[in-house]
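I've put the structures underneath this note.
Two complexes follow with chain A in common, the first pairing it with chain B and the second with chain C.
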Partner chain A sequence: MTETDVTLRVADLRVDLASGAQPVEGVSFDVRQGEMLGIVGESGSGKSMTLRAMSGLLPHGVRATVTGSVTVAGTELATASGRPPRHPRVGDRAAFGYVFQEPLAALNPGFTIRRHLLEALRAHGRLGDRSDRHDRLVAALADVRLPEPERVLRSHPHELSGGMRQRVVIALALIGRPHVLLADEPTTALDVTVAAEVLDLVQTLQREHSLTSVLVSHDLSLVAQRCDRVLVMYGGEIVESGAAADLMTSPQHPYTQRLLEATVDPFDPELRRTPDPEVESRAPLMTAGGVTVTYPARRRRQDPVVAVDGVDVAVRAGEVVAVVGESGSGKSSMAKALAGMQPVDDGDVRLGGRTVTTDRRDRTWLTGEVQMVFQDPYSALNPRMPVGTAIQRSLAIHQPALDAASRREEARRLLDDVGLPRSFEDRYPVELSGGQRQRVVVARALAAQPRVLLADEPTSALDVSVQAQLLALLRDLVDRRDLGMLLITHDFAAVRAIADRVVVMSRGRIVEAAPIDDLITTPTDPYTRRLLDAVPSARRTHTTQEST
Partner chain B sequence: MTTAVIRRLGVGLLTLWVVSVLVFLIIHNLPGDPISVLLRQYATPETRAALEALWGLDKPLTEQYLAWLGNLLTGDFGVSISSNLPVGQILAERLPRTLLLMTGGLLLALLVAIPGGMLAASRRGSAVDHGLTTGSLVLQAQPEFWIGSLLVLTFGVTLAWFPTSGYVDLADDPVGWLRHSVMPMLTIAVVTTGLLLRTVRASMLTELQQDHILLARSNGVRPWRVIGWHAGRNAVAPTLTVVGLQVGILMSGAVITERVFGYPGMGLTLVNALISRDYPVVQSGILVFAALFIVTNTVVDVVSMWLDPRTRATLQGAR
Partner chain C sequence: MTALDPTTAADPLSPGGVDPVLDPASARPQRVWRQLHRNPKTLVGLLVLVPTVLVAILAPWLTPYPYDQVYVGEVLGAPDADHLLGTDLNGRDLLSRLIMGTRVVVGIPLVVGLLTLLIGVPVGLLAGYLRGPFDAVAMRVVDIFLSFPWLLVALGLASVLGAGLSTVVVTLVVVYWPQVARVTRNSVIAVTEAEYVKAAAAIGESRTSIVLRYVLRNAYFPVLVLLSSMMAFSILNEAGISFLGFGIQSPDTSWGLELAAGSTYLSAAPHLVVFPGIAIVVVVLGMNLFADGLGDLLSRQGRNR
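Now for the complex of A and B:
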């Protein structure tokens, strides 16, 4: 690598927070012209902070000292003493363009897309002539392949889809003609097919604009698939770096090895699940027949929204059935209907010979049979209640025969069951990590002695290594307690890890239902195939590379 | 008009009706009555009976209430017991004075609170921020009569810049009106600035934490433009809601302030009417204050909905 090839050089970057913490402890790396560098790490690894610090974008109100040097296209941005300058420029181009994780939050809800673009143009002193301004705005949107740019210009962010919003954010980042495009988890908030499109777009733009880019993500498969080289960060330091392919096949650092081990590749043939004929012969525990859920029209003269349209699902004791779909597919409405929290307009949900209704009088029976594991363990627990008490509360409702002492003992046993030390009973949720909290949520659900667990995206708020552990726990509980489990998710890795059968939903209907192995290897429906194609998988990429 | 606005106005009317009942019941159940206030020791059973018959005070309460309400609906506010003037005329004369006082005070307060709150938020945790927030807390804790008296003492007596009390009509002598109105407006401004500044600061802090602020910064928008325009625009709505609620506090503030400065607005009128148990004036005065409060807050709600493009659609949807 010759010196002139290097577009971005970061040397000994450190961030010292006023609180004494050091989220970034001496990070150094080079990115060559036209290269896409990946940075992988879990939450708290310092990967986002590295991007923020080098581009002068520390969050508002964070007091920190940034040291080290950042060189873009041969020009040093930061001196050893202070923060990098706000919005550094090199020549007449911006040093960095930034793409954020959640495009809805990253766009100002009060501004139209036109105003966003105008603000960016103004900031770069490129407002230019009024006469061709409109054409330039349209061109900026066409550049990121946005259809109907005229309509998009007039829209507010909430009127666009997630993928369109992220394209707008990319268009905004490109207005300063940056040397380096920094993308911080740019697809985490997007559906898998949309995510693939957005990343394809970034790679196309990178070629067209001869950009250099840095892609930060928690998703090892995604980074390995898209990037040339990958850095692995842990505890504010780079623990390993290398070519993406090498990293995936022979990781050197123990942390990378652990991360790789926890990363489920849905296309890994070793993950085949052998069906248990005994379980398969059982009669269904919970069945949904022709379930239809509609929501009333939001405005007059609009048709009501059919969220779920005649869906059949059944789950047996001892098996995990996954309901997979993208946002808007109706999977969450289906989950609500199954839990008796959403009236069903047609069809019925039956459980143990009874029909599930939203009737309040059936609530105690129903919650004794079906328990939920929620997506966000941070808000699913009362922050003012020790976790032991939370479990005991559930016990008091569902096992009223127990006295206080045996409730306490039972709560401790449940902590054992979910792999938490008994001493945790006096801790408050804030003292627990995300994965530990989710275990408490599971323990609380088990306290009701349910026959069915309904898990709605139980792992999407967790780090990769924690996800794997939680999924293993859930599978283990299903097997040991003969529970039926419905796993509602968009994540094929989670499905591959624990599900026996999969139901793929799109636009409120089931497009395909099959045992997991069949679905992965021989998907029949075109939508399922598209969904699977969009799943980042290093393994699949490698096989296609080998075959070509 | 949209269904959302109509629904709000409907709730407002219902609230007004409840207020009318409550005011009526409370004032009529207070110890003392207008006749004893008026006649004092000269009240004889005969004159009392004659006056009660004249003003309809001998009839059952429900009948009195219905008569008052019926007249109200035809725009007749009744006649003041103590001054014998039509209440409508009193309101028309006094209410605008109080409204001007409140508006002036509020504008003064906003003039300080908006830039102050933005400055404090943008320099969160700095000496400027601490100074401004502590200062607002101190101001918020001052009662109107105390601030008013201080102002009178300093600028009225010691420095003799402004008259200590009294009033000249705006139409007759604008400069004189301003000289008489500055100190009452300042009093109102001082006690409202604190809360408003802290509200602006809080809404700005929420906005400044948003990702879209980072995006604006990453696109190179200048810091003051980010604060004043990108964040400031979105911080308007929550601030506006508090301003709407402040109107109620402003009204009670005006009552006390007008008393301190002998300013003949609606507040002073209400206090005097209450002392003399002038039932028609008290009832109508309070009802008008309540109506003002409800209308202001409805307007504020609608404007807030309009300011946010996400809720603007519901306003326009059923046009």
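Now for the complex of A and C:
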């Protein structure tokens, strides 16, 4: 690599927080002209901090000292103030363009897209001639493949879909003609198919503009699929770097190996699940027949919104049925209907010979049969209640015969069951990590001795390695306790890891229902195929050829 | 797999690890000290409040002279060795009167605070949790009460109850409870939206249990902060009401009453205004600092991440 090739050079970058913590401990890397570098790591690994520190965008209010040097296109960015300047420029171009995780947060809800673009032009001193300004705005949006750029210019952010917003953010980032495009989890907030499109776009733009870019993500398979080279960060340091393909096939550092182990590739043929004929012969535990959920129209003269439209699902004891779909597919409304938290307009949910209703008088019965695992373990636990007490509350309701001492003992046993030490009973949720909290949520659910477990995106708030452990725990509990489990998710990796059967939902209807192996290898519905195609995977290539 | 073991893996979201303040394992006195050290406002507040309360309790034994003993010939006497803070219009020892007045300064906030909580919190809690018609009615009543100026309330009550301690207490409760009700309601609404309240319903908790164990426990901090600053204000309000003659009457004493009595003789005997004034300012400042520090502390503890 010759010196002129290197567009971005970061040398010995360190961040020292006033609190004494060192989130970035001496990070050095080069990015060549036209290259896409991936940085992978879990939360707390320092990957986002690295990106922010080198571009002068440390969060407001963070008192930190940044040392080290950052060189863009041969020019070292000034670091006299202890941190790089905000919005550094090199020549007449911006050093960096930024694309962040949540496009809605990056846009001002009160401004039209036109105003955003004008602001960006002004910031970069490129307002230029009034006569062709409009054409340049249209061209900027057309560049990121936004349909109807004229209409988008007039729109406010809330009028655009998530994918369109992220395209606008990319267009804004490109206005300063940046040397390097920095993207921090740019697709985490988007649906899989949309995420794939946005990443495709970034790669196309990269070729067209010979752009250099850095992509930060927690998703190893996504980064490996998109990037030329990958850095793996752990504890504020780079533990491994190399070509994406090498990293995936022969990871050197133990952390990378673990990360790779924890990353489920839905298309891995070794994950084949052998169905248990005994389980398959059982009668369904919980049956939803023709369930329809509608929400009243927001405005008069609008039709009511049909979120779930005649859906049939059944789950047997000892099996995991996954309900898969993108946002707006109706899967969460379905979950609420199954848990008796949402009235059903048509059809019914039957469980143990009774019909599930939202009636308050049925709550004790229903919650003793169906328990939930929530999406966000950070908010599912009462911050003022020690976790042991949280579990004991559930015991007090559903096993009222127990006295205080045996409740306490039973709560401890449940902690054992979910792989947490008994000493955790006195801890408050704030003292636990996300994965540990989710285990507490599972233990609390088990305390009700339910027959059905309803898990709504149970892993989406967790780190990859923690996800794998939690899924293994759930599967183990299903097998050991003969629970029926419904897994509501958009994540095919989670589905692949533990589900027996899959139901694919789109716009409130079931488009495909099949055993997991069949669905992965021979999807029949075009929507299912699109979903599967969007899943980042190193092994998919041959499977899609089979299926399409 | 050791480093990924769920029991030993450090929480990646809080790089500092376990917060020593919230760690029940760390010893209690140590914890309190560390908290005060980090939060000097609370410490200064306590340095004012603790002696004030002690003085109030021990008042009869601390006064150098009986507080209502008249020393003829020493009317409006300037501070000297016999009467450290001088004497008042009737020749009574000012220091002794201020020491006895401490009982009002400590008692009023406690009684008013307690009664305000007993009325305001249940109303706010029910309004915020039930919403609907009860909320609408309760909040309109609150609006009506909020529109009463305290002066007018005191005037009206004084004509019914007569001037005295009970007028002061009732006035302040009437003026304060709607604020507590409103803050409670808003806080309850915010907490009720939280996922853990829905989760409580999902494990089968009854409504009473949800309200007491999940909602109230997480909703009370703003109320506590409001209450502590209201208690500080109640001292000022008591002084105001007594100043206007609707409150405590001589020969009983309160700081506000002394201030009022002295104001007529500002030029002849400035000590009658200066010393009660300083006492009021110091105690109110101390209470406000304490309230402020408490607010900081609670907002740190209420987080879930």
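Heads up, the rule we're going with is that the second predicted complex is superposed on the first by the 536 of 548 C-alpha atoms of A that agree within 3 Å, B and C clash if a C-alpha of one lies under 4 Å from a C-alpha of the other, contacts with A are read in each partner's own complex, and residues count from 1 in each chain.
Here, a contact is a pair of C-beta atoms (placed from the backbone, for glycine too) under 8 Å apart; a residue touches a chain by one contact, two chains touch by 3 or more.
All values derive from a computational prediction rather than experimental measurement.
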item	value
Overlay on chain A: chain C relative to chain B, clash or fit	fit
First (chain B), second (chain C), both or neither touched by A:G353	neither
Angular separation of chain B and chain C about chain A, which is computed from CA centres of the superposed model and rounded to the nearest 10 °	30
Touching partner for A:P277 - first (chain B), second (chain C), both, neither	neither
Partner chain in contact with A:G110 - chain B first, chain C second, else both or neither	first
First, second, both or neither for A:S433, with chain B first and chain C second	second
Partner chain in contact with A:P400 - chain B first, chain C second, else both or neither	neither
Chain B or chain C, by number of chain A residues touched	C
Shortest CA-CA distance in Å separating chain B from chain C in the superposed model	5
Residues of chain A touching chain C in the complex	19, 21, 23, 42-45, 255, 258, 262, 339, 341, 363-364, 366-368, 371-372, 374, 376, 378-386, 393-394, 397-398, 419-421, 426-436, 439, 441, 444-445, 447-448, 463, 465-466, 469
Residue numbers on chain A that touch chain B, as the complex places them	55, 57, 59-61, 63, 86-87, 89, 94, 96-98, 100-102, 105-112, 119-120, 122-124, 156, 158, 169, 172-173, 175-176, 299-300
Interfacial residue positions of chain C with respect to chain A in the complex	1, 3-4, 6-7, 9-13, 15-16, 18-19, 22-24, 194-196, 198-205, 209, 213-214, 217-218, 302-305
Residues of chain B touching chain A in the complex	124-125, 205, 208-223, 225, 230, 233-234, 307-310, 313-314, 317-318
